[in-house]
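Two complexes follow with chain A in common, the first pairing it with chain B and the second with chain C.
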Partner chain A sequence: MTGREPIIDIRNVSMRFDDTLVLDDISLSIANGEFLTFLGPSGCGKTTLLRLLAGFESPTSGDIFINGQRMNDVPPHRREVNTVFQSYALFPHMTVFENVAFGLRRKKLPASEIKGRVAEMLALVKLEGLGGRRPAQLSGGQQQRVALARAVVNRPLVLLLDEPLSALDFKLRTQMQMELKHLQRRLGITFVFVTHDQAEAFAMSDRVAVMSSGHITQRGTPQEIYENPQNLFVASFVGEINILDAVITGHAPDHLEATIEGRRGALHSRRDYPDGQRVKVLLRPEDLRLSRPEDPEAAEACFSGVIKECTYKGATVDIQVEIEGGKALQATEFFNEDSEDIDYRPGEPVRVSWVRGWETVLPDD
Partner chain B sequence: MTETSLFKRLSIGVISLWLVFFAVVPAGLVVIVSFLSRDPAQLVAPVPTFENYTRFFDPVFYQVFLDSLVLALSTALACLAVGYPFAYILARSRRRAKSLMLMLVIIPFWTSSLIRTYALIILLKANGVVNSLLIALGLIDEPLMMLYTDGAVLIGLVYSLLPFMILPLYAQMEKLDVSLLEAASDLYAGKVARFFHVTLPLTTPGIVAGFMLTFLPSFCMFYIPDLLGGAKTMLVGNLIKNQFLTSRDWPFGAAASIILTVLMVVLLAVYRQSSRRLEREPAA
Partner chain C sequence: MIRIVKAAYVSLVYAFLYVPILVLVVFAFNDSRVATNWQGFSLRWFAKLFGNETLLGAAVNSVLVGVLAATLATAIGTLAAVAIYRYRFLGRKVLSTAVYILTIQPDIVMGISLLVLFMAVRMPLGFTTLLLAHVTFCIPFVTITVLGRLKGFDTHIVEAAQDLGASEYEIFLRIILPMILPAVAAGWLLSFTLSLDDVMVSFFVTGPSFEILPLKIYAMVKLGVKPEVNALSAILLVLTFCIVFAAQLMMKERREK
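And then the complex of A and B:
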């Protein structure tokens, strides 16, 4: 994101409702043209942050700059940002055309220009010919597109999207994710998206800010966040993960020696930990490798265990393994032409290892 | 199964009987009487006639209808002017203030509206509370003539009917989704534009309902013009009452009732038509 000037600058923003601190000293710059997602569980403050950008709320302290201008006291209707609401908030007494034209009419654009821009916008979201309908006569997916068109037609500096896809079914949602992403690339408008769905955030965003209880706990590209979570919250919030307890026992030149779940093993970490330090070892299910005791690679495996359950997922199989000591691990194996045999049966003994260096080590606190 | 269907039939039967005896039959009698002649001794003489209806083409009665119409319209508009802001504030208040305000709207229902009208007389009369207060404050030297004026009748009607405007408006405003107002602001609508393009169109059904509930009854509340207007202005309600109780001209009173009923049915039909159109056609 270097080389691009920030369109939004959030500086030390805190937000307090009555006695609850909803946002605690948030600072973040959003680059022009970026697709940024606030990802977090409900109640983490992500929607409040979006409402601050829209102007529906004013921060208790701190400043918000949009396009270099301090916006704290600027009401929503004077901000060059538009919102796609979670409930869509389409005007029920107006047609699709009137809904989309609403912002342009308030800006007092000439009728001919409004007509042209609305028609162009409706074509862009594939709603040609539906301009005369009422919102109630449209399907959920179509309403979603109207809500999007109504905001984008104003060519805002920033488009704010508050969980706009949460009411759609899975198939439509994935389709809309792609469409949103393409639309954003095509228009070059900065998108600030809010969701609690990790897959959705990763599928669309240039950058993700993971939030929890009023803080941004980690920011980075989807890949950075998935592969190098900076804390346990981020690790367990973005996707499935296995968490193992370990104690550092010694230092080797290229790795740390440790006791992991009672077994001796090697850990690779960017950070150094002193001997005796208790740590958590994080492993994604797809990073775990299962092998049968007679297989050659079983020799270097760390754990031995027993298959508990296999769930067939089409391209993958989710396998639950209980390792010695009783801990259950989640592993995902991919079908491929070469390794024909991942057909494990419950009760079968296996060895568990992982791709060297793919583990994440965090201090246990 | 049979028990519930028996209960269903029984309850529907009782209600139907009630309606037949106390609504359909009396209404039918009124229709019949309106086509009969007057008889001073026996109230009604069984001689068919259209005279009761043709009498309404007399300019005197025409004027009575016109006066009633103007008063009813003024009442409804005054209720709207007072009730709309009140309902707006009510819908946007916090829960405790809201229940207090709702109580204040509803409490007057606990007292007979006749008694409340007498209370208004005490306020408005020449040596009443309002005049005494104004004189004590030195704002006026002589008491204002407030009672027995058209203004007093209007005040009385608005006072009695205001809850019927506030409650449907409040119900409509409660339903108004806050995110629609936010969406309007987000799309560059200032407070005024937001009111006229979103709030007003979406509360119009409440306005129409409240209008009907105040406009129609103010036609028939004969005791308020009687008590506060000093029976000087003749309105449709008073006219009908007088025919039955004073002039003992039942057929004419019946005809007047029928005309009023037809007028209300027409208005209700117009209301239904307009509310349907409001749903279908684009506003603005």
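And then the complex of A and C:
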């Protein structure tokens, strides 16, 4: 994202409805051509932030710049951004063609140009031949495409999408995620996407901003956020994670010594912690390694435990292990051809370890 | 068993509602002075009716006031509904509550208060006062009908139009108006029928210079129900059926499009 000037600049924006602070001092720059996703649980203020960018609300304090211009009090119809609504909000009394042409007609473009651009757009979203239909005569997925076409045809500087895929079934949703991403690459338009679905955010975005109760708690590429969550909220919101309690007991040259869930072990952390500091150790299920007590690698394992449950998921197995002390851990093992030894039985004793350095250590607060 | 009871109950309700109307229509074709016994089929009361200049004059007046009042009330009532729905202004809550109160307040109160008002501003009672009164009591019905439809819409539709560059005027003309059109039409028809058969308010606010049908009939039946009135009622009935049928057809076509 270096070298590209920001198309959107959100500076210290706060938003208050009556007595509740819905957005609290948000600052973020979005680069031109970027696919940025706001990811967060319901009620964290994602829609509100998007509505501020679209111009349906104006911020209680702070400034919003679009393309270098301060936009706080510019009404929606004078902003070069367009929105795809969660409910699609298609005009029910107009045909698909008229829906898509609506924005162009407001710009008073010549009829021939409008016709060409709408046809081109309908082809792009694979709706050729449906221009004469009304929204009520389309499937959910087709309506979604009309909503998309209606916004994109105006060639906005930024396209805002508020959970546009949440009404679609799983298969169609994953397909549309890929199509959206390709469309964005092809058009080079900045996409600002909102979702509460971590997988969706990671599948499409260049950059993700994780939100929680009116704050941006972390921003970065999907990989950065998944592998290095900066706090417990982000860690547990983006995917499954095991959280272990630990206390730092000493410093070695290349690692920290600690008591983890009552067992001695080594921790690798970017941050330094003083002796006696209570910390949380985060481990993704796929980073845990299980071995049988007789296996050679079992020697360096940190925990011993008992298999509680195995769930087969096709290419992977989700295994629940109860370690000494009673804590349940979630592990994911991948099948591969030369090891069929992940065929664990409930009740079987196992050793649990993890790939050195893949743990995330956060202060316990 | 329950089904038979249900069917009987429903039949009874409908019979109670429609038998008197049927009797009235049948007796419009009765070849007898008195309406109590059947003397054979005849169209003479219709002939007599069309010879009655004052009654026909009153009918024309009624239709004229009905059309004008419905049209004015629809225009004003629709704009009021759109304003209440779309804008946040001082007194918005008061206004929308007032609209509902107006529909349930007794006609006699409205009749008297309008009469007092017209007298206070020294307006001679006649066509103008009658029209103003009818427009007044029709507006709330239009507003409520239109508001009901507006509230059924996805609020994001208007925002989508704004987002795509539509001005306030364009939003009204191209989005809101086409979507509420069936309700506007229904409001007009409702107003027209309300105006056409109003007795109570009209009784207070019209003068001898301008006679309308309901009042004329009212005056006539004081001297006994003449078969002419039956004939007139039969015609009004057919007219109402036509209007209701047309309205239904219009709504249906919209939905199918």
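Operating definition for what follows: the second predicted complex is superposed on the first by the 365 of 365 C-alpha atoms of A that agree within 3 Å, B and C clash if a C-alpha of one lies under 4 Å from a C-alpha of the other, contacts with A are read in each partner's own complex, and residues count from 1 in each chain.
Just so we're on the same page, a contact is a pair of C-beta atoms (placed from the backbone, for glycine too) under 8 Å apart; a residue touches a chain by one contact, two chains touch by 3 or more.
The structure displayed is predicted, hence computed values, not measured ones.
K.L.:
Is this a clash or a fit when chain B and chain C both end up on chain A?
P.N.:
Once both complexes are aligned on chain A, chain B and chain C clash.
K.L.:
For A:Gln69 in the superposed arrangement: first (chain B), second (chain C), both or neither?
P.N.:
Neither: A:Gln69 stays clear of chain B and chain C.
K.L.:
Would you sort A:Gly103 into first (chain B), second (chain C), both or neither based on which partner it touches?
P.N.:
both
K.L.:
Should A:Ala54 be classified as contacting the first partner (chain B), the second (chain C), both, or neither?
P.N.:
Both partners, chain B and chain C.
K.L.:
Which partner does A:Ser27 reach: the first (chain B), the second (chain C), both, or neither?
P.N.:
neither
K.L.:
Thinking of the overlay built on chain A, is A:Asn12 touched by chain B (first), by chain C (second), by both, or by neither?
P.N.:
In the superposition, A:Asn12 touches no partner, neither chain B nor chain C.
K.L.:
Report for A:His93: first if it touches chain B alone, second if chain C alone, otherwise both or neither.
P.N.:
A:His93 sits against chain B and chain C alike.
K.L.:
I'd like to check the shared interface: which positions of chain A are touched by both chain B and chain C across the two complexes?
P.N.:
Shared contact residues on chain A: 54, 56, 75-77, 81-83, 85, 87, 89-93, 102-103, 106-107, 150-151, 154.
K.L.:
In the complex, go through chain B and note every residue touching chain A.
P.N.:
177, 179-180, 182-190, 193, 197-198, 201-202, 278, 282-284
K.L.:
Where on chain A does chain C make contact in their complex?
P.N.:
Of all residues in chain A, those touching chain C are 54, 56, 75-77, 81-83, 85, 87, 89-93, 102-103, 106-107, 134, 150-151, 154.
K.L.:
Name, in rising order, each residue of chain C that touches chain A in their complex.
P.N.:
154, 156-157, 159-167, 170, 174-175, 178-179, 257
K.L.:
Under the definition above, what is the set of chain A residues touching chain B in their complex?
P.N.:
So the residues of chain A touching chain B come out as 54-56, 75-78, 81-83, 85, 87, 89-95, 98, 102-103, 106-107, 150-151, 154.
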